[in-house]
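Alright, structures below, take your time with them.
Same chain, two partners: subunit A is paired with subunit B first, then with subunit C.
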Partner chain A sequence: MTSSPGNVLAVARDLLREARARRWTLALLAGVTALLLLAAFGLELEVVDGALAASRFFGRPSHGGITAADVALRPLFEAVAYMVFYGGTLFGVLACADFAPALLAPGRIEHLLSLPVRRAELVLGTFLGVELLVLAGAVYGGLGLALIVAAKTGVFGWAPVAAAALGAVGFTGVYAVMMAAAMVARSAALSAAAGAVVWVAGIVAGNRAAIAPLFEPGLARAVFLALTAPLPRLSELGRHAARVANGLPLDPAQLAVQAGGTALFAAAALAVALALFERKDF
Partner chain B sequence: MLAIEAKGLTKRYTGAFGRNAQDALRGLDLAIPRGAAFGLIGPNGAGKTTFVKALLGVVHPTAGEVRLLGGAPSDPRIRARVGYLPERLRLPPAWTPLEILESVSRLKGLRPRTADLLALVEDVGLAEAARRRTGGFSKGMKQRLGLAVALLGEPDLLVLDEPTDGLDPLGRVHVRSLLARALARGATLLLNSHLLAETERVCGRIGVLVKGRIVREGPLEALAPPPAAWRVRFEPGADGAALQAAGFTNGVAGAETTYRFAGPDAAALNAALDRARAAGALLAELSPEGTDLEAVYAQAVKA
Partner chain C sequence: MTPRRLLVAALALLAAAALLLSFGEREPAPTERARVDFPTHMREPEAERSERRATLTLPAPPPEAGQPAPAPQPRDPFLVGLPVKPGEPIVVFEANALRHSRLGELFVGCVLARDPRAFSGIEDELGIDPLKDLDRVAFVGDAVVVSGFFDRFKPERLERDARPEPHGDAGQLWIPEPGPEGSAARTAFALWKDQLLLASTDPEDLRRAIDQLEGRAPVPDAGIPEDMAYGEVYGIIPGAAARRFFGSDARGLGERLATVASRIEVHADATSDLAAVVRVRGEDAAGISDLARSLGAALSVARVEAQATDDRQFAELLESARVVDGEGALSLELAVPAERLEAWFQGCGPAHTAVAPAEGAPGDGGPAR
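And then the complex of A and B:
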């Protein structure tokens, strides 16, 4: 079966248009804006000749001594990278849990299926729309913070933006499972629960090498390693985001494996969602 | 040329592990010619909605075949030529009618001008609400919008599930005129409705679906049973005793000038009318009883 990119984009566009009016989307926008305003008005950074002389958060000194501004800001960027990565993906689970169930609502899905749109296009368009929404939210926060810091110090760092992009990559695996769950039962709660399970499991999977020794050698450890093997390595992706923030060199091969593995997991989960959707009667 | 063709269409719903199987359609056969206005009627649970959904690929038939406009329902090019109004259409509440029509246009591959969409919104009687969010719409307004969505792009086949549900009497008249216009340009109409009077007024052909099968199908006049009686209204001043002697019974409560003549025999009726006229009565109105869609429906369902 072939899908038309035009229809996929049209479905994604409709989802984004629908998202504008949702309280969760407005909450996401308001939350990110509040954090940006907090940073804009609360964070005072004194930069002298490219070096950070002092920093205060709402008047309280948080940094003394003279350090190169880009170096001094790394811990801030690292904290922001983690916050954007984990906070963004978890918020995405909550904010996006209702999109697929809403698409499948009685009275709506019959109408959509009667239009010249293939079922695969509805699934892919919804997935793409949610991904774009999450990416837009994350980039808004990440880029906004990078610009605020740049305005205050003259140092522009891509770390928050990179963390946002990696968060969106990690969210592909999470949301694909959420869609598959919605195909099993049309429930936002089930979809959110499935997303939360993958989110936690992805963090565990990213630390599986460190956690595995906690299991007895033998069957228990083998089962743990087997169960976590196909999962997206969310915490690994988070660490990549932090390394970018810290100005540490990235291992492109390792990053490609983590991102590729996540994409593969997302594709497999989407294929399951699509297979369930194709067979379903409404 | 057929607009809809179903052969041996069967749909069995099964629960988990194949338990609680229920047959919604049992080898349904139906052929609706292009340009026809076809009314599908039947009791609750007869399989009407399942049939409509099977037509559009919303449910997968267990067996049998269905073709729309000469093609398979799974073909998007065929579905592009169909306008559908589900029974309980749910549209995004934050969107305006114009936004909804724009979205459906995109998905149908149409590129209408805003003026065309506004004209359509006006056509269904929503001109003043064209840029208002649909979340606050009444049931009737949602129904009108659903009809606009179905009529978008002048489809060759209209499949409407209870299109006048929630509409006031004038709204129903308006919908009938819209459907008449669609039929006049050559569209085919499949109307699924519980409102027999509406179906009778709009549709020339009727199908009665009972327990997953079409049990009666054809033009209404061919399906209608012979009249059980005739209702006759005379001008005021007619002699009641003479009318009763002529064979009429004064059995219509609250209508003193209206009488009944039992039986379908037209010759006997004419003879009775001659006797009444000879007694000075003037005929004002004559109508058969028990030949409407309600009678067809009752007869088919009881059979």
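And then the complex of A and C:
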């Protein structure tokens, strides 16, 4: 029997409702809002007919020449894109570590399994809910900053939004492993640790061509390359967002390879999570 | 699906991910645009080139009372020989360096693709190969000064209109008889030491240039000093001539430029990227600063208009445009990255075979021969 999309969405909706009630999620949201307010009040950008004549951050001049505002703002959008991408995925690791363990909490899981919902639907629904939460958080931060800059300069940059979307793509691989870890032991700490390891490993994997020569040719290098081969290329995905920020064309073939590879890795980790879940008796 | 099958599927998916990510892996694309090196000052190869070119020793100026006579400084004959008049613009093209630049090769390839005899025809008629014999070309008011190797120069073409007459120690003039009244002035030519070829509608320009070279006339202060001869194109536009150069525009920028600028310097570098710096100097610092803002805004608006009208070439030119507001001076920086230059020349036929930069390579101070 196949999973019902309706059930998967219902589980995801429940998760989002639960997230809204959590203080931890609200605190992180407040942190992002504080950063946005800091940018809104601290950044002074003087634009004359679409050219950036001067920029100041809390009174300190930070720009020398007069140039087209969208060109001058590229470094800012690049920084924001990286912040949204890496900050968004890290936010996901911290804020969402508890969702899968909470799903398996005694009492709750028995109740859920008594409903006409399959185990696979529970896993997929939780995964989808967390993905939507991370995407919403990243879009809130990225789009918020893009809108603040647009209000001050008239220039709207898509890079933070692209970074949020790419961050959500990269996070699929991270969170799938976090779910599998939660199935091994019902622990938010273990889930977060597994997520952090994949997050760092994904950054390393994105730079593996540059790192590989640091290993001795032979077994050490082969093991490094084999271990990093299936990992999501997180840093590569982040670079695509930086290219958008700098007005450079995207490489659709590379983007498709990296997004496709990440999806396959996430599917593999979810399959492991489901296999472990299926083996459990409640 | 049983847990065992799920684990087998997981392994298969992991292997597929590894295969896709490894075999599809390529060198990471750069996330930043390449930095353009703007010609803001004389760089070491250009300083060496300038030193090599200083081969003309003019008599030293008379010493001040009680002071020892200053040692004569060797100078660049090309810059000494420019027949500059106050208020007239001067623009110098480093023809040989430009020819060996990326832009030059693209341009030559394009010209040859359209007309394979474009340059050889000139060589047949004048004995000068424009691709090898020319070093620099200067436009000084109405005069043109060309430096290079003219030992194979065929004066027959000039002698159809004028008889040669010597001037000074090493000068030769071809001054045609004036035409009927009301007709356009005819161009006179001069050759100095097989090194400099000059042309002007005013024969006095040619005489004065040779006199400057041979120490019989002072070298005008309004010319180009040696330390300003950097980049592949450089020049000076006096403030008064700026209005004529920049014309009138809706924002009145040309007129404002002419009002506040006492002197405009232009430097362009085409070695790889095409990068240009236009430096405007003036006494009115507030006016210059105001103009800098207006120019920045005008460039930005022009870029938006170019994007809106799908004028890609102009939009790309303005992509890196920047105005730097200094103290009493502003610099306008414009650049076209090398790869975009190539894109502009696409469809113009295959590029002419690159000539290896030998003796006359950019920064070498002389043409290829």
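As a working rule, the second predicted complex is superposed on the first by the 282 of 282 C-alpha atoms of A that agree within 3 Å, B and C clash if a C-alpha of one lies under 4 Å from a C-alpha of the other, contacts with A are read in each partner's own complex, and residues count from 1 in each chain.
The rule we apply is simple: a residue touches a chain if its C-beta (ideal position, glycine included) is under 8 Å from a C-beta of that chain, and two chains touch if they have at least 3 such contacts.
Fair warning: this is a prediction, and the values are worked out from it, not measured in the lab.
Visitor: Between subunit B and subunit C, positioned on subunit A by superposition, is the outcome a clash or a fit?
Guide: fit
Visitor: What is the angle, as a multiple of 10 degrees, that the CA centres of subunit B and subunit C span when seen from the CA centre of subunit A?
Guide: 170
Visitor: Please indicate which partner A:117 is in contact with in the superposed arrangement: first for subunit B, second for subunit C, both, or neither.
Guide: first
Visitor: With the two complexes superposed on chain A, say which partner A:21 touches: subunit B (first), subunit C (second), both, or neither.
Guide: The first partner, subunit B, only.
Visitor: Please tell me which partner, subunit B or subunit C, touches more residues of subunit A.
Guide: Counting residues of subunit A touched by each partner, the higher count goes to C.
Visitor: Which partner does A:279 contact after superposing on A: first (subunit B), second (subunit C), both, neither?
Guide: both
Visitor: Using the superposition on chain A described above, determine whether A:108 touches subunit B (first), subunit C (second), both, or neither.
Guide: In the superposition, A:108 contacts subunit B only.
Visitor: Does subunit B (first) or subunit C (second) touch A:252, or do both, or does neither?
Guide: Neither partner.
Visitor: So in the superposed three-chain picture, is A:78 touching just subunit B, just subunit C, both, or none of them (first/second/both/neither)?
Guide: Only subunit C is touched by A:78; subunit B is not.
Visitor: Of the two partner chains, subunit B (first) and subunit C (second), which one does A:218 touch, if any: first, second, both, or neither?
Guide: After superposition on chain A, A:218 lies in contact with neither partner.
Visitor: Go through the superposed model and pick first if A:10 touches only subunit B, second if only subunit C, both, or neither.
Guide: A:10 sits against subunit B, while subunit C stays out of touch.
Visitor: Least CA distance subunit B-subunit C after superposition, rounded to whole Å?
Guide: Across the overlay, subunit B reaches subunit C at a minimum of 12 Å between C-alpha atoms.
Visitor: Hey, what residues of subunit A end up touching subunit B and subunit C alike?
Guide: Shared contact residues on subunit A: 279.
Visitor: Can you check the complex and tell me which residues of subunit C touch subunit A?
Guide: Touching subunit A: residues 1-4, 6-7, 9-18, 20-22, 24-33, 292-293, 295-301, 303-304, 318-325, 333 of subunit C.
Visitor: Can you list the residues on subunit B that touch subunit A in the complex?
Guide: Where subunit B meets subunit A, its residues are 13, 53, 56-60, 76-77, 79-80, 82, 84, 86-95, 99, 103-104, 106-109, 149, 159.
Visitor: Under the touch definition given earlier, write down the residues of subunit A that touch subunit B in their complex.
Guide: My answer: residues 7, 10-11, 13-14, 17-18, 20-22, 105-118, 279, 281-282.
Visitor: Any idea which subunit A residues touch subunit C in the complex?
Guide: Residues 48-53, 64-69, 71, 78, 205-207, 209, 225-226, 229-233, 236, 239, 242-243, 246-248, 251, 253-254, 257-258, 260-262, 264-265, 267-269, 271-272, 274-276, 278-279.
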